Every structure is written in structure tokens, then in C-alpha cells.
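Take a look at the structures below.
In what follows, subunit A forms one complex with subunit B and a second complex with subunit C.
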Partner chain A sequence: MAAEEHAVEGAQEHAPQYATGGEYIQHHLGFLVFGQKEDGHWGFAHSEEEAKDMGFWSLNVDTMGISLVLGLIFLALFKTVSKKATSGVPGGLQNAIEMIVEMVQGNVKNTFHAKNDYIAPLSLTIFCWVFLMNLMDLVPVDVIPLLAQTIAGDSHLYFKAVPSTDVNITAGLALSVFIMIIYYSIKIKGVGGFFAELAFHPFGKWALPLNLVMELPAFLAKPVSLALRLFGNLFAGEVIFLVIALLGWFQLPLHFAWAVFHILVITLQAYLFMMLTIVYLNQAHNDH
Partner chain B sequence: METIYAYTLISAALIFGICGAGTAIAFGNLGGKLIESSARQPELAPRLQTQFFLVAGFVDVISIIGVGMAMLFIFAVPFQV
Partner chain C sequence: MNLNATIFGQIIAFFVFAWFCKNYVWPPIVAALDERQKKIADGLEAAGRAEKDLELAQEKASELLKEAKKDSSSILDQANKRASQIVDEAKEQARLEGQRLISAAQAEIEQEILRAKEDLRAQVSGLAISGAEKILESSVDEKVHASMLDQLATSL
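Moving on, here comes the complex of A and B:
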């Protein structure tokens, strides 16, 4: 809480003054975009219009960097703990990580019925990575952007701290899961079996177009809902943090209350992403 | 411009309200059924709870996407002319 207060005071000293609350929030919804500018050379966008003009071939450096760093932290942490693991009395960290691993293992065993050694590590990675990315939401909204502005010496730069409020990240995760669904469907059932599942399923083979119309949207909705669920939850949470940050001194208890509630959302969304991945992949492995 | 702002706010309010109503009904049903079945078979309660959270995720996705969209409409007004 003290950090939050400090960040807001700092924001009033250094950062550009915002005319309205809407402007403050709008500024905080932007990204640090790297791409080709209108005059032809590559660099960071300094305003929202400039970022928009870069079009498709631009990169959100901030969310990508933070998600990569968090992924490396997850890997390094789990690797050191598993190297140092003892069968004697475990320390606190080893206990916590064993709990996470056992939770994921239990869920995979209960939900996933085919045999595939790849699913449990995948679920563990998804759970921990998404959880860490969501956890960045609990860092006070102005701390990391202000740090980045101070280091870069540019008050117009905005550094987004929460990777999962960037739809590119969540859509990337969901698309990789979607590709795995298609891969395993074709691998287990063959191309014909996969097509038959989409085309002949509810009404038999004489109603093929109707079947396709019913099954294809449900199939394509999987990655979309997976991506938008995570993005929507975290985006809404982030915007509410930003709205609370406009309130002056009243923000301290409100931030605390919303942060406590948000811990539930963070864990639940990471858990849901993992569970739905397992469920979808189980459907892909299910040979009728 | 003012008309656009006004309509945007009204649409955001409608999104919030209708999404909230739908999710409220769904969560009422869901929680009620969870408690009912846990009372009937207490030994199944942990497994039901996992299923509950899974379905809770399904239930709140539309409303949370709606809330996100409404927030976007309010703060990052996309219809600027």
C-alpha cells in the first residue's frame, strides 16, 4: 500500500500532467510499440497515432519482454528447486512447488484419460506462466511505467506491466493450444476422423452442411473464448485499478480491497486456462 | 460528438446491466446446485468444487468480455470523429 501511495505521488511530480482522468486511463492502456515509422526507419512509437500508423508489423516490446522474463523466472525457479529437492524434510519453497506440481498432476489425472506424457508439463507451464503474468497486476499501476520512464528519460514512453492485458499475448497462448488441438486430433483420429467429427456428428451424414454450420463455430470458438476470457478478466481488473488510482487518498483502502478480490481472479483465470487446455486436448484425444 | 459520447455511455450501461443480470442468474443456479449436491453427497464435494470453478469460468466469460468492451468504449472511445 505504501508503494502505491509513493507511486502516485511520484506520478504527480515527474510524469506529464493529465488534463482529465480519461486521458490518464487512455495513456495507461497503451503499449511500448516498436515498428517502422512513416519516414522509414525503425524505432519506438512516441504517441498512440504513431503506434497505429505502424500497422501490422509492429511489436509490443513491453508485454513481450515481461512475459519472456517471467517465463525464464518460472523455468529457473522450478529447475533450481528440482535440482536441490531432498527426500528428507523439505524447505518452504520446495513444499510450495511440490503443492503446485501435485495440484496440476491431480487435475491432469482426473480430466485427461488418454496417454500422453506431454500434457502434464504443458499444463504446469501454462498454469505457472499465466499465473505469473496475471500476478503483475498486483504491482501498483504506476511503479513499473515510472521506472521505465526514469530509466529512458522520456516522459511520453509508456511501459505496460501486465502482459495478460495485451490481447496479443493471450491470443498467442490460445492459438498455440488451438494448433495442438488440431495436431492431436489429426494424429489420433486421422484427417478423415477429424473431418467426420466436424461433419457427421449431430445429425448423421445426410445433413452434412447443417452439421458443419453447427460444429465449426463451436470449434473455432475455443481459442477465441480462451483468449478473450483471460484478456477480458485482466483488462477489466486493470481498468478498475486505474479508475481507483484517480481517487486521491480514498484509493488506499479501495486498492487494498480490489487487490484482495483480484488475487482470486488471478489464480482462477490461470487455473481455468490450464483446465480448459486439458479438457480440449482430452476431447482431441477422444476417439469415438 | 456529445451525441456519440452519450450513446456510448448508454450502450456501456446496457452491456453492464444485461451481462450482470445473465451472470447473476447463472451463478445463482450454479451455486445453489453446488450446495444442494454437496449436501446430498458430502464425499463428492471436492470434485464438485473443481467442476464448479470450471463452469464458473464458462459462465462469466461472456459478461467479463462485455465488461471489458464496455470499459474500452468508456475510456478509449473508439468512435472518435
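Moving on, here comes the complex of A and C:
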């Protein structure tokens, strides 16, 4: 009850206009967080401090939800096509899907040299899913938050529409890749072989501590760089969209220009994430 | 920008999606692609084979044509030869027939001549007898001198 009152107060304070541009941006960068509040109840956070206080065991419902919806859209789209995939003359949609599949297949064939049937579909999932998540960046910044606020009836609701501007989402993807790197390293090389790779290179076993100091950061940098590269690019793009949105009528041409440029960025980032995953997994499969 | 359990949600979602993609999305599409690739390869191969077949057939046809020409010219030669032979034969036959006709006509003429001679001889012998009768009047007995007169007649 107390939280709801607070929400109503907040809505009256800020809605419908934001006091400053900084506040507008700040608000658009907040998440819809679900977790345990200080009083012990579970519910949505109504301010960023409250969200922070919920600690680790809370969930960004907005980005997680949109990410799930996008993943399901990807699977549903590809599933419908694969269900009636014909080896004869393909229709328009099948043609487009086949182009993506062949692109992924070609990249996997060129980069991944071991034999593993999981890698190609995995790469396809990463590419399409990350691309769709990035694509949400091209939706005008206020559309989805306003829609969510209208549905929720709370004009102060935090709602972030672009999943890949949430470091949790990108870190989740990167950690999944990291888990697979470790899994396949151990599966192919054994625990000893995996450890030896980290400990006995590049200076031989008499320089073990030095080797570890050199190899461990490089190893741990893989998921961190994966997560932060995607997050950083998309977050920066999102912030620039928000800044442009503050410019009144001037925002229209600027918004268009930045969106056109961003089409390149989101495709490139999805492609990069997929390619790096393939490269890392290839390294994990490589037995020296 | 604090880290929270969304990470785990995303990890679980990722593995579920990847598993679904691996099992239900990827195989049919790739199977269709591979099948099409095979179809195209087969089609190209068939086209190549057809071309080869066509070449062979053309070669065979021209060979047959050449042979037919050779045959026809030899048949023509034979026919010409046969025709001239027939003509020659016909000529020969005609010649022989003509000769036969000529010799038959000659024989008839000879017979005719003989008969005329015979008649003439008979008439001459009758004339001779009547002359002699007239000369000898009744001294000559026709019956007594018949053999003599016959001798005379044949000697004419």
C-alpha cells in the first residue's frame, strides 16, 4: 500500500512533463524491476533506489520479457518456415530465412573446424536473437514505454524497451557462451588438458604462475568483452536517441539520420557477437 | 545498471531457445537446402549427360546418312546395269525373232517357188505331151510312154 501511494505521488510529481532533459533521460534508462522490497513484500520497484535495494535477487521484467518475446518471435518465424520448407522453388519468406541460415552456415563452416552439430543452430539463435533485441532500438524511444505506462495506468512506470541496453541481458548471453566454452574445453581436452592450456602456456610449466597471470585474464576477458561490447554500443546508441528526442522538431531529421546509421550498428553487433562466439567455441574445440 | 537475476533468466532462455533451434528449426531448413543442392547437382549432371547423348546420336545419324548414300548409289548402279542388261537381252531377242521370221519367210518363199516349179513342170509336161500328141498324132500311146514322159518332166 505504501508503495502504491508513493507511486501515485511520483506520478503526480513528474507526469506528464519531465522537469529537465536529464530527468527525461534518467527515467528512460530505468528498469521495471521486480523483487523483494525492504518491508519484505515482493513487488515492482518504483524508484531506482528501491530497485537498487532489492539486491541481486530481482528481475528486470521489461527487458527480460521483451527479450523472451523476441526470442519466441524468432523461433516461431523460423519454425513456420522450416515446417513447410521445400527443396523446390522457395517462396519469399523461405528465401529470406534461407539467406540468413546460409550466411550463418557459411560462417560456421569457415571458422569452426571441429565437428559439432550444435554450433551452427546456436550461432543462428545468437545472431537472430541479438539482432531482434538490437532492432528494438529503432523503435522510437517513447513508443513502448508510453504503451506500457498506458496499459499499467501508471505514468511514472519505468520501462526499458531495448533488451541489449540492459547489461544483465548481454551478460546473460555472454555467460552462456562462457559456460559453453568451459563445457566444450573440458569435454574435448579433459580437465587436465583445459588446466594445462591455462597454466603451461606460453612459457612452459616452470613459469606456471606467470602463465596463469597471463592466460587467466585473457580467458576471463572473453565473456566480459562480449557482454560489454554489445551493451556499450547499444546503450550509447540509445542515449543518443534519447538526447535527440529532447530537441523538439529538430529531432525528426536527426532521428532519421541516426536510425539509418544505427541499422548498420545493430546488424554489425549481432554479427560480431555470433562470430566471436564461433571463434571462441572453435578455440575451445582446438586440441593443441 | 545493477546486476541481478535477469542474467540467469537470460542464460536459461538462451539455452532453451538454442536447444529448440537445434532440434526443431535447423534440421528441416538445412535438409531442404541440402536436398535442393543435390537436385541442382543432379540436374546439371543430367544436362551434361543429355548433351553427350545428343552428340553421340548426331554422330550416329550422320554415319547412317553416309551409309544410306553409299547404299543408294550402289543400288542405282545395279539398277542401271540391270536395265542395260534387260535392254541388251531384249535387243538380242528381237534380233533373233527377226532372223527367225526372215528365215521362215524365206522357207515359205522357197516352198512357194518349189510349188510354182512343180506346177510349171506339170503344165510344161502337159504342154509337151499335148505338143508331142499334136506332132505324133495318135502314134504315141499315152499309157505306153507315160514313164518316159515322167522322166522328161523330172529332168525339166
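Things worth noting here:
One rule holds for everything that comes next: the second predicted complex is superposed on the first by the 273 of 288 C-alpha atoms of A that agree within 3 Å, B and C clash if a C-alpha of one lies under 4 Å from a C-alpha of the other, contacts with A are read in each partner's own complex, and residues count from 1 in each chain.
The definition used in the following text is that contacts are C-beta pairs under 8 Å (C-beta built on N, C-alpha and C of every residue); 3 or more make two chains touch, one makes a residue touch a chain.
Note that the coordinates shown come from a computational prediction; the quantities given were computed from them, not determined experimentally.
By the document's definition of touching, neither partner reaches A:135: not subunit B, not subunit C. When the shared chain is aligned, subunit B comes close enough to touch A:228, but subunit C does not. Taking subunit A as the reference chain, the count of touched residues is higher for C when subunit B and subunit C are set side by side. Touch criterion met: A:101 reaches subunit C, while subunit B stays clear of it.
Contacts of A:85 after superposition: subunit C is touched, whereas subunit B is not reached.
Shared interface residues of subunit A, touching subunit B in one complex and subunit C in the other, do not exist. Of all residues in subunit B, those touching subunit A in their complex are 47, 50, 53-54, 56-57, 60-61, 64-65, 67-69, 71-72, 75-76. Within the complex, the subunit A residues that touch subunit C are 33, 35, 51-52, 54-60, 63-64, 67-68, 71, 74-75, 78-79, 81-83, 85-88, 90, 97-98, 101-102, 105, 117-118, 120-122, 124-126, 129, 166-169, 171-173, 175-176, 179. Against subunit A, the residues of subunit C that register as touching in their complex are 1-11, 13-15, 17-18, 20-22, 24-33, 35-36, 39.
Residue ranges on subunit A touching subunit B, taken from their complex, read 22, 25-26, 29, 107, 110, 225, 228-229, 231-233, 235-236, 239, 268-269, 271-272, 275-276, 279.
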